[in-house]
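Letters A, B, C and D mark the chains as written, and numbering starts fresh at 1 in each.
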Amino acid sequence: MTELAAVKAALKTQAVETPSWAYGNSGTRFKVFAQQGVPRDPWEKLDDAGKVHEFTGVAPTVALHIPWDKVEGSDGYAELAKHAQERGVKLGAINSNTFQDDDYKLGSICHPDATVRRKAVDHLLECVDIMDATGSRDLKLWFADGTNYPGQDDIRERQDRLAEGLAEVYARLGDDQRMLLEYKFFEPAFYSTDVPDWGTAYAHCLKLGPKAQVVVDTGHHAPGTNIEFIVATLLREGKLGAFDFNSRFYADDDLMVGAADPFQLFRIMYEVVRGGGFTPEVAFMLDQCHNIEAKIPAIIRSVMNVQEATAKALLVDRGALAVAQRDGDVLEANAVVMDAYNTDVRPLLREVREEMGLDADPMGAYRRSGWASKIVEERVGGDQAGWGA
Amino acid sequence: MTELAAVKAALKTQAVETPSWAYGNSGTRFKVFAQQGVPRDPWEKLDDAGKVHEFTGVAPTVALHIPWDKVEGSDGYAELAKHAQERGVKLGAINSNTFQDDDYKLGSICHPDATVRRKAVDHLLECVDIMDATGSRDLKLWFADGTNYPGQDDIRERQDRLAEGLAEVYARLGDDQRMLLEYKFFEPAFYSTDVPDWGTAYAHCLKLGPKAQVVVDTGHHAPGTNIEFIVATLLREGKLGAFDFNSRFYADDDLMVGAADPFQLFRIMYEVVRGGGFTPEVAFMLDQCHNIEAKIPAIIRSVMNVQEATAKALLVDRGALAVAQRDGDVLEANAVVMDAYNTDVRPLLREVREEMGLDADPMGAYRRSGWASKIVEERVGGDQAGWGA
Amino acid sequence: MTELAAVKAALKTQAVETPSWAYGNSGTRFKVFAQQGVPRDPWEKLDDAGKVHEFTGVAPTVALHIPWDKVEGSDGYAELAKHAQERGVKLGAINSNTFQDDDYKLGSICHPDATVRRKAVDHLLECVDIMDATGSRDLKLWFADGTNYPGQDDIRERQDRLAEGLAEVYARLGDDQRMLLEYKFFEPAFYSTDVPDWGTAYAHCLKLGPKAQVVVDTGHHAPGTNIEFIVATLLREGKLGAFDFNSRFYADDDLMVGAADPFQLFRIMYEVVRGGGFTPEVAFMLDQCHNIEAKIPAIIRSVMNVQEATAKALLVDRGALAVAQRDGDVLEANAVVMDAYNTDVRPLLREVREEMGLDADPMGAYRRSGWASKIVEERVGGDQAGWGA
Amino acid sequence: MTELAAVKAALKTQAVETPSWAYGNSGTRFKVFAQQGVPRDPWEKLDDAGKVHEFTGVAPTVALHIPWDKVEGSDGYAELAKHAQERGVKLGAINSNTFQDDDYKLGSICHPDATVRRKAVDHLLECVDIMDATGSRDLKLWFADGTNYPGQDDIRERQDRLAEGLAEVYARLGDDQRMLLEYKFFEPAFYSTDVPDWGTAYAHCLKLGPKAQVVVDTGHHAPGTNIEFIVATLLREGKLGAFDFNSRFYADDDLMVGAADPFQLFRIMYEVVRGGGFTPEVAFMLDQCHNIEAKIPAIIRSVMNVQEATAKALLVDRGALAVAQRDGDVLEANAVVMDAYNTDVRPLLREVREEMGLDADPMGAYRRSGWASKIVEERVGGDQAGWGA
């Protein structure tokens, strides 16, 4: 197989999980602008996710968020899985939510009150039950826990509580299940956050065991953080479980991945490829908001942005790079990397899509499909899904 | 008058305007945690604001937010002003809102569509009408306008539209009315913001004329920004119109002023005092959220934090400082400033309060007043005020 | 002329000024690593700059730094200009230096001591004398002035001193001469900087008059600052005089322009083009350090990076963009911009170079020229030029 | 013992190590401003350090930097230790230097070339030899290693090299010796840093074993980082070995500790006290530059700043705090902490000093001692110590 053929083959195996909540409404603390045609339940979210996979070919799974995507009945999740399958996709990671009940005002798993902690851990255990029903491998944990004011709570005891809660959930995991622990620099807590950085997530996962892995959300870092270094380090430690892709100019802006700094996305994907992370063991998920742009096309575009960054990462001439690095030729080594980055990979990806039996132009194909106007017409009445749905 | 007497006299003249919206519910994009006893209309907000002034003695005015505090009837605002007066306070600045209508998804005064711009400007003109009715001096303008993605709109044309809209509103101002233009680094827009920094606000105010002044919101700057430098510069230019006080560790966290970096607040107040800004020409307002803490006590505490920083700023030995600065004695000059900062001014402020006929301990006095339990009991039913109310 | 022909024609007019000091040694506070073949005087720097222009065709001028590039004799600068001309380049902006004398420990033009201020202003006036001799149009002013500790000096009085000093220098400028005022977020001062942001530079330039213009150094901003917004704003105000190009991940890293965030450089160049700034009235200069990489190739690479960003900016389909912006089609407007950015413009630039009679590959041509080994052999002995030379 | 007596007793046991290099000259990349009276060798540095301890009573040890403080002869370090002892101080941690040789342009222990790595590790082993001679417990390791450009080197292989080098040094440590690994966000490397955050340092120390501990340099974090959280976490993990104190507004500004954000220093010291870190197992060191201020008084002032923050941390009413935290009373919990912070502890510290037989006013006592003028007179000729000395 030629090198280019290998690159194409790799690109055809790519899988980017889309999040059910990105199909619903979202916004800032100032305002949620509703859009027309937005899904009103998990079934409709899966319909939309099916379209994204239909036109991109590399978005085969959909992450659920509990309780937003909770379904009733003893066969509820089996039905949901079947519904997904009929649309060409599968159910993916289960995402917990311990931040939207009034009880969680001062935290969930780290809350000073044991009653609230119990409730939070019970919710997580319920999520594992749902994983059993959906066949999901991954439980993705993001905690909004933290404090707003110095002294508000004991930041060290909160770590003890966190460790205790996580251990209980870890013990409940099945053999083929994993716990993915996400860290976040700040928000919604503004003074201290209980899992603020990769080091904290890593330290907890290390103690929990091999089924606990770290999630890198590309928007969850301090200004200036070298994210690809963290990716390389976690891969070296065998502790990189997943990505939550999105992009940011300032805080956790949750813009489309690759929109703010496409060069950074490329560097991240290069470290993934170089570190052996381009495998199913690392889950590549989107975690974005589409506050003002049309949601489905934004997700298609995001999937394509990940593809483009991956293609460029795969095109880096690693032999030439190794030589330049060994020789200490700073400019040449940088040039090898930039040469791949500056390549326009869109023609290559059009070829890849055509070889996969897809339209070369996913955005155009979606536009021409009429789905957008169909859902606007049909999804009338009911409550649109949203972050608070 | 001794120097300490002069400090006390100055402290007795202090006036910190509290914002009507801080008495209502607020939160992050993830969740608004409702509190018990929260006001359900502007009348009840004024009741609470009256309590803050009753116990602090230095919070004599209340900023309104339109349409959140809109009242009906031809005498509506006169009634509201009377209601305020009966509680010992007055109506203060009028704050516009051009970010919570669906029309404003892509901006208000900078929107690409002239119809939306017209609507936004009409709202601002209506705010001036309200000022006429309330007798307010200041129209405070904060625009959520901006873009989320490169290319989304023409960032330069948006400036032209902004200038045009501001000019129309400026022309409508009465002789004793002012326009206060606020800048903000980011949020809710995530790529470009139309008034992102003091330079932009200053440039617009300069062209508009003397009735246009800049507002410094202490939470609206890039990481590391030296805010007191901006204060000193705007005072030098005669363009500092007001403060929106709050504090931040990360973004626009809107925590209680002085909670995150009391030393910075002191340095800001020092430049205010040194630059001749401790006058009614500069409006000192709070603009905060109390997402998880009790609201009225949080506002009392915030007012006290401003008082403490002001007291320390007034205590700086400016004669000694000038000598050390002239001599280039870096350590001594710094020591003079730190000496004031390290002073515990709480005993002094207790004296000031007692001399003003107040309880020396506003937090305790409020607690003992029973107001907190009274409003929890009485304010049952109805819709609590909140950012979206 | 077709659109592509117009793009090519524009690219052929491009002019990027290279800085004499980038040919010398530089480093961090920890260590300056000397390189072989580094120039030992301004004459050799011009020799190197001639090579950069010879192979790129778009680096026709060289900025001087006084006193680093001071030459003796009544005809010194005329000789230097002749030397440059023989190498195909011209002398460009004169850069002042008021930060490397022991007198400047606490500042230069803002120093509390009038004697030091006099010395600083005299140096600036001398720089204008040199401009008369070199025929330079631009005096570029960067001040290291600021303070390290709160209280160290009066930050407002420092503005008065700054204004006074600048006014004296401004009055000395000839009819065709300009003063370019640079701002910088921080460093070497760590608490306050006397010209820390574009607003401060703009306010001073406004008062000075039309010959005073602002310089945007791309590395001199707070984290997260939207630089292209500043560019658009300064162009709108008629106050953008020049760029100092370089790139940064953290602080004022002074890496090769385009190395850290090529997308940002493209966005900046787009606002330049869109705002009518792609003219000789705006000086495009590099201001970089090459601490660990080979200097001449690094400068060639930097010039090419600016070219590539410019080419992409010129390729934006402004008609399609205007339509999408007018329609509020966020995704399409962004797509138009990204389409230009994702284009591989290297083939186009190779054509441009060939049409200009140059080698299509400047890096290769320089490498093959043997200049690098020639200067290593010949430049033995003497003192290498460096920041402190 | 009353509570206040316990606080005083604790304060009397405090020990802040001063760094030999802070007595010498330092500066920025732009300029090192020399001061009069600066030591010319390690012996004179110890003389100055002796004065700091003489007047503060809590600076009993002095960190050495190799090779800056290298002494010759078989008994060199024994002599040096004796010299120190005669001045009332002891030799403290040994600090390595692998950043000022030309060989280290592309790194030291992470360099792509094994020869350079060998040289770096040999230097570290030599430092352990010196520890044997001085009786020092701690080897403090800070690596300037990193890269300036994407692609310049393989960031993951650099971790492998780092691990290998550290392991060799670790193996060489004696039973009572420790290795302290410092992390730093950036500088002098500008794209990637090989030990950029506490997570990386922690991961390496964990694998090395119990004698490897993490150093928290208060100036080495991304903007907005909650340092006290890191302190609490490392203490919880048993991996906090030491502090390098200094303060910053922007980058690694190396200003006097407590000068930029005294509230942050207090919060850090509170977590130290609360987490059981106020013991000899955690080394409290200064690591600062005094570029423009007088050095010895700046160090005295810094020691006092640490003392004041410690005193306030010790004064926190932990019983009341625990109650408020348990009750979820955000404002009261914050108030308990602020109450300690707002206390003026200077009278208490004056008492502590007097009870220790010291002058209550260390700054004044030093000034009156005449040492400053004595060293200016006597230290004439020779080469002043500096970062490059």
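Criterion: a residue touches a chain if its C-beta (ideal position, glycine included) is under 8 Å from a C-beta of that chain, and two chains touch if they have at least 3 such contacts.
Molecules present, by chain and UniProt name: A, B, C, D = L-rhamnose isomerase.
What you see is a predicted model, and the numbers here were worked out from it, not measured in a lab.
Considering the contact criterion stated above, the chains in touch with subunit B (L-rhamnose isomerase) and with subunit D (L-rhamnose isomerase) alike are A, C. Comparing the contact residues of subunit C (L-rhamnose isomerase) and subunit D (L-rhamnose isomerase) by number shows a mostly shared set, over half of all numbers used being common to the two copies.
A count of C-beta contacts for the chain pairs A-C and A-B puts A-B on top. If you average the CA atoms of subunit A (L-rhamnose isomerase) and of subunit C (L-rhamnose isomerase), the two centres end up 40 Å from each other.
Note on chain placement: the centre of subunit A (L-rhamnose isomerase) and the centre of subunit B (L-rhamnose isomerase) lie 38 Å apart, centres being C-alpha means.
In subunit B (L-rhamnose isomerase), the residues that reach two or more other chains under the touch definition are 105-106, 148-150, 185-186, 191, 223-224, 226, 249-250, 259, 263, 292-293, 330-331, 334-335.
Contact residues on subunit B (L-rhamnose isomerase) toward subunit A (L-rhamnose isomerase) in their complex (touch as defined above): 26-31, 33-34, 99-100, 102, 104-106, 144, 148-150, 185-188, 190-191, 223, 248-251, 253, 255-256, 259-260, 291-293, 387-388. The residues of subunit C (L-rhamnose isomerase) lying in touch with subunit B (L-rhamnose isomerase) in their complex are 105-106, 112-113, 148-156, 159-160, 185-186, 191-193, 196-200, 202-203, 206, 221-226, 228-230, 232-233, 235-237, 263, 267, 271, 274-275, 321-322, 324-326, 328, 330-331, 333-338. If you check the complex, the residues on subunit B (L-rhamnose isomerase) that touch subunit D (L-rhamnose isomerase) are 223-224, 226, 249-250, 259, 261-264, 292-294, 297-298, 301, 308, 330-331, 334-335, 341-344, 346, 363.
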